[in-house]
Amino acid sequence: MDPSGIFPTSYRADRRVVRTRWQAAALALFVVLMLAAPYLAGGRIIAVLNMMMISAVIAVGLQICTGYAGQINLGQAAFMGVGAYTASILASKTGLTFLLTIPLAGFSAALFGFLFGLTAARIKGFYLALTTIAAQFIFHFAVLNLPSSWMGGSNGITVPPAELFGLRFVGETAQFYMNFAVAAIMVAGAFGIVRSRFGRAFVAVRDDDVAAGIMGINVAATKATAFLIGAFYAGVGGALWAYLIRFVGVDQFTLFHSIFFVAMIIVGGMGSIVGALVGVFVIRFIQEIVATVGPNIADSVSFLGGDIVFAGMNVILGGVIAMFMILEPKGLMHRWNIIKSSYRIWPFPY
Amino acid sequence: EETYNLALLSDFSGPYADIMPIWTGSREAVFDWWNETSGKDLGVTLNYKNYETRYDAAQVASLWPGIKSELDPIAVVGLGGPDVAALSERLPEDKIPMFMATAAYGYAWQPDSWIFNPRPTYSHESAAFLAWLKEQRGGDEPLKAAIMASEASPAYVDMAKGLELYAEEHPQELDLVEVIYTEVQPTDLTAQMRRVARAGAEALIIQTNTSIVVAAKRGLQANGADIPILMSSHNGLPASGGALGGLDQLEGDYEAYGMAVAADEDTPARQFYETLVAEHGLEAPWSVVTAMGISQGLYTVAVIGHAIEENGAEGLTGEMVREALFARPITAEETHGFLPTLTFTPDAPFPLEGLKVNVGTVRDGKIAIEATGVDVPDVQKW
Amino acid sequence: MTTASGSAPLAVRNATLKFGGVTALDDVSITVNDDELLAIIGPNGAGKTSLLNVTAGFYRPQKGRVELSGTNVTGLRVDQIARRGLARTFQGTHLFAGQTVVENIMIGRHMLMKSNVIQAFFQFGPVMREESEHREAAEEIIDFLEIEAIRSRPVGTLGYGLRKRVDLGRALAQEPSILLMDEPMAGMNSEEKEDLARFILDVREARKIPVVLVEHDMGVVMDLADRIVVLDFGRVIAEGTPDEIQNNPAVIKAYLG
Amino acid sequence: MAPALILSAGRNIMLELNNVEVTYSDVILALKGVSMTVREGQCVALLGGNGAGKSTTLKAISGTLKSEDGTVSAGSIVLNGTAIQNMEASNVVKNGLIHVMEGRRVLRHLTSEQNLIVGGHMVPNTAELKRRLDHVYTLMPRLADLRNRTSGFMSGGEQQLLLIGRAMMAKPKIIAIDEPSLGLAPMMIRDVYAVLRQLKSEGTTFFLVEQNSAAALSIADYAYVMENGRIVMDGPADKLADNEDIKEFYLGVTASGERKSYREIKHYRRRKRWLG
Amino acid sequence: MVYFINDIITGALIGLLYALVAMGFVVIYRASKVFNFAQGELVIIGGFIVWFTTMQLGLSLWLSIPLSLVLAGLVGYAIERIFLTKLIGESVFSMVMVTVGLLILLRGLVLLLFGPAVRPFPIIFPLKPLFLGDMLIPMNLLAGGIITIVAAVGLSWFFNRTRSGLRMTAVAEDHVVASSMGISVKGSIAFAWVLGAILSTIGAMIFLSGKSLTFLASDIGFAALPVALFAGLESIGGLILAGVIIGIAQSLTTNYLDPLIGGSLGSVVPYIIMLAILLVRPTGLFGWRTIERV
């Protein structure tokens, strides 16, 4: 909903994501801050931002698949893993540049996701959600049991640094810019997709797939496309992850990781790209706070062992997610929209 | 007076959370001891900080940049497989070495490493044990053994892979009759144990975790089979015994690894432990995990000591520490007999020569040293 | 009734539809001629909705076939049939509740748009142009149905009557060559019925498309229909002009009472 | 308003709404101070155009607003002396009110008869349950034919019947019913209204929301007309049925009493709104 | 051949254990339409309660088992009260997502309360297996199989034949409709969680008897999941068949296929079978079919 007094004068203007001068200014400020971040913030913060940006790509993909198209997906980490492995194998075996490995990682993950998406033609709702867990197990099994010369088996694969024209993207700062560039493109693309005919078809399939079919939307293909896109994002995120960690192993992509991605889009709000970003920020932020502050607390309060840190993190994160669902089941973006619209009509309640 | 930082990686809530307080308490006690003794003489204080990585490569990777900028450590004191996975590419670039306590991993067996283990791989350790057992048994036929592994961790798979290769290359020594993969918390291993018993195994290698030891033990008991189990340091006799409800359940089973066995006997290692307890506030019981923590601390400070002797107390870097590791051996005396004399070379992340394994067992409900200084056979890289 | 059946916009031939022991349609044949408003009436459970469902491809008849302008479409998926020019509105509502009115109508235009995912991702010029064009068409429909004021309200927050109008708008957005409507007037007061009746007549006038109307409001049916088919227990029991039907004793007995 | 008073004199107030406001999603004010009274044994009709707030009124009474993110933000609703605004739906039922919701919400995977049994879940013994089932089946023989049909597959009208039957099973003191004639064939509407009349004569109170004003006014004692979340007119049913505007906009008859033809409607439409 | 038959029997029994854990999923789903992701966590909580009453309090099994079941029920009730009651009337989806939060939260809580140590679990069923000639059947699994079958038969009678069961069925259909008919959604969900927690505790006893307990035991939740989907989320009786089929398939794969390929296909097989059946019957063997009407 618009702030009051904004009347778009063309359809194109009405479609814009950034609608007011304030929004434009805020966006510009954000971009400038991000670009300057490596010079303003310490290594830890940059590391956290790197994690956030990669998670953002993956969560935005999940948002498209789950939040928009309504296909609950608990296999996003597996799709991410496919991307990470693809990038790693290509980079380490063929020495391909990341300019190619990242999109290729996206495509291979998309293919894997698409295969699961095809099952969505028949399997629906929670059944589908739970079958995506199978993606997780099958991915795991495949990596571990295919000849280890293919995917490194249980040993994992080490990844050479991202390189472009002899320039090595190592160190937090260089990777920061690489992640920022990719994340920016992916997020902008996500806005494009969700506001296009595809975004609308996704929503149609989510809200009422019977009616969607009768509208001339190929429901099965649309669901599969949603999975495909969601997995593509996960694959790209996985590739970034591989370049950041420089090592991929199968236990970096577990069901638990998938659940955390789901938690991110829930906290931020289903069906909103910005919501996905907000959710990534909130969840990662809490994780980092607990991880950094926790040991200090544990140190200063002697009867607490170091073991409270992770336990505490789980309690807090789990608690936050549960509380969110209880207090704000539609996510933060929903609250924001309500605030905006009540501000719009304030002081009149109607 | 110079101060240098050490980053300690710990798992307070992952699969090894049960042993972590003891482990890290022990290594911290060693650093305290060193600061008050040798460190004082050298004019150096070692400052350390624990980081919770929960045995998760992702967590390690995400914490690492922060650790580096916050602490700028001269060395990392590592934990297990995930640290190796996450940092093996980063440490060479950041020029910081990492010192582990556990046995090494086949998949990390590369030259020019920045990550070091005082012990050979788990497969080396189990092979040494099996060779020793065969000798005990006598006779020429190869020893029949089975191994339990799990896909839950790369390290677990590695254990099986290495031993499989060893068996293949030494058919007259070892006949690996069963390699069983299971979950970290298995439902029921009765059927699997029957297979093991049926195959006539003379030993069962379980270097994974405690839960699998317990389930396997129950499975063996259900089958009325009495096959000795070999455990490693992190799932050793005290831990598994505790989970089974008593050490007596493990009568005649073994643990074997390339460091001192925490038995009741009065050894130099034991004496050093008593010193730490008496004078440096160590609260851990005398157990294999404590031994692991102390040995890790001891060889770490020994290397740092060498580096200071070489380069002076000022301007010490991680690179110098690593150089010092290769420059001269760390003697058994320096590590109070917790470790054999260690000679590192750039060829491997662990000493390739002079490796010894000690074997502990449960006798009359108590942990006893069964054998010391068992030679490690020649295991090929896999 | 006189058009050569081969080219009739819609023909259902001898359709039989059974669900287990229930026969929803029993050898039903109907033909819809060019620019005709055909009403289908009948008691509750007579099979009217089932007939529309068979036509739209939602159910597959056990026997018989469905032809759109002479081509057999039996067995095609619903979306394939929709792409061949068949649109429908629903009994009850099947709108996309969380979406605004404009978005619902734009969804109706989905199949007329051509851009692909990659274009959408990069938001190239052509995509934007296509969006604007179709948005314009959607706005025309909004104007036509006089729902400008609720253009950006989520449909879920609208009352039943307005939803029905949006439902019609969405079907029109498909630019169909035949329109099926299932009880569009249900839940409206007479003023609203008048409005909708007018829209239906206008649609026919402006677009010249045949309409199949299922409705229980006899006033509406008698006034609007060119021809009426009466179903009872899955069978056609009468067919004819409103006057004929009104006086048909079988119809009176089964339906009008 | 005198006749209304006479009509209702001596009867207890069963349901009373006092200046009720309903807000959806914290911002959309759908009811703007609605007051109504339903007396025991009465049938009160609530008429109004689309989106007027009729269903919202019912939901506010029955406590089912919450699932749509709505709340009664002001005013009070009193049922038999108990304040029930924002009460949980199942407790409202325990106070004797059953709400037949719009949207044909049958329990789709259950058979028609199972739906009825669930409707009578509070009936203490099996014999009584049987009796009520029979009562439903005698009033609505069509449901007897459909008793083993999965209710989700039934036709729109059939489901509508089932909902009425299901409400009857609970033998409530008051039934609040949302558009009972929706989607019913003419004959069926007559049948359903005959059922309602029968129930009314058995002492059930009705709160009836209808678009089919002719039918509603034929059974109602008193009626309210709602526009835009406000009550704009009320009075005894027969009085309202004579009102010019009601005739034109709700009953679809011209002032002269003739039915207008839908074909004759011109492109311009007279728009008249009551100002509330 | 004897071994082969024995493997089939053991497999079937393990499958029945899965079915018992899956019954926790199904009961909660069947009475509230909420899919409980935290089911595995309920198993550990049950396990810890049993551990606490036996090993810590030192009670005899006869005392501690009923006490544990009561405590587990209370925990289930508390979880429902704290986390789910407030969401009644909201979309079911929100409730399901709360259970995702619970999954993470409970894991942390268990760690906080009991620590990460590996604990010995009491021997509830005799360790000595039952010998049938050359065949051997673990007692805990045998007892578990019997309990599972009894529970499944009893509960499916309850849900399908009793008035209370029908009420819960109505809740599973549609919360709003159920409450508009005077059915207490709260009560139904509370009952479901109490029952779910109790079943999980029984599952824990069978699963862990004589073994060790850590929070990793929750993995059994995801091992049991395919059984629940295979049967269909609304079907309690169907769990028996589903459990037996999946258990046998898994046992045969682990014993005969895995040694050949040198991997652990056994742990994936249940999921593959589940996927296959769902492609043919999208709501499981006996689940409610999706109703689509326009």
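General remarks:
By letter and in written order, the chains are A, B, C, D and E; residue numbering begins at 1 in each of them.
The criterion applied here is as follows: a residue touches a chain if its C-beta (ideal position, glycine included) is under 8 Å from a C-beta of that chain, and two chains touch if they have at least 3 such contacts.
As the structure is a prediction and not an experimental result, all values here were calculated from the model.
Greatest centre-to-centre distance from subunit E is found for C, with centres as Cα means. Each chain's centre was taken as the mean of its CA atoms, and the one lying most distant from subunit A is D. Subunit A and subunit E have centres, each the mean of its CA atoms, that are 31 Å apart. Chain geometry summary: the mean Cα position of subunit B and that of subunit C are 74 Å apart.
Spacing of subunit A relative to subunit B, judged by their CA centroids, is 38 angstrom. Residues of subunit B in contact with at least two other chains: 12-14, 17, 20, 151. Annotation for subunit D: residues touching 2 or more other chains are 28, 153.
Looking at subunit E, one finds that residues 90-91, 111, 115-116, 262-264, 267, 294 touch two or more other chains. By the touch rule above, subunit D contacts subunit C in their complex via residues 24, 28, 47-52, 55, 102-104, 142, 146, 149, 153-158, 160-161, 179, 182-188, 190, 211, 213, 248-252, 259-263, 265, 267, 269. Against subunit A, the residues of subunit C that register as touching in their complex are 56, 58, 77-79, 82-83, 87-88, 90, 94-99, 103, 106-111, 113, 115, 117, 119-123, 127-128, 131-132, 135-136, 139, 152, 170, 174. Touching subunit E in their complex are the following residues of subunit A: 119, 122-127, 129-131, 133-134, 137-138, 140-141, 144-145, 210-211, 214, 255, 259, 262-263, 266, 307-308, 310-326, 329. Within the complex, the subunit B residues that touch subunit A are 10, 12-14, 17, 20-21, 24, 49-52, 54, 56-59, 61-66, 68-70, 82, 85-86, 88-90, 93, 106-107, 151-154, 156-158. Residues 88-91, 163, 166-167, 169-170, 173-186, 234, 288-289, 291, 293 of subunit E touch subunit D in their complex.
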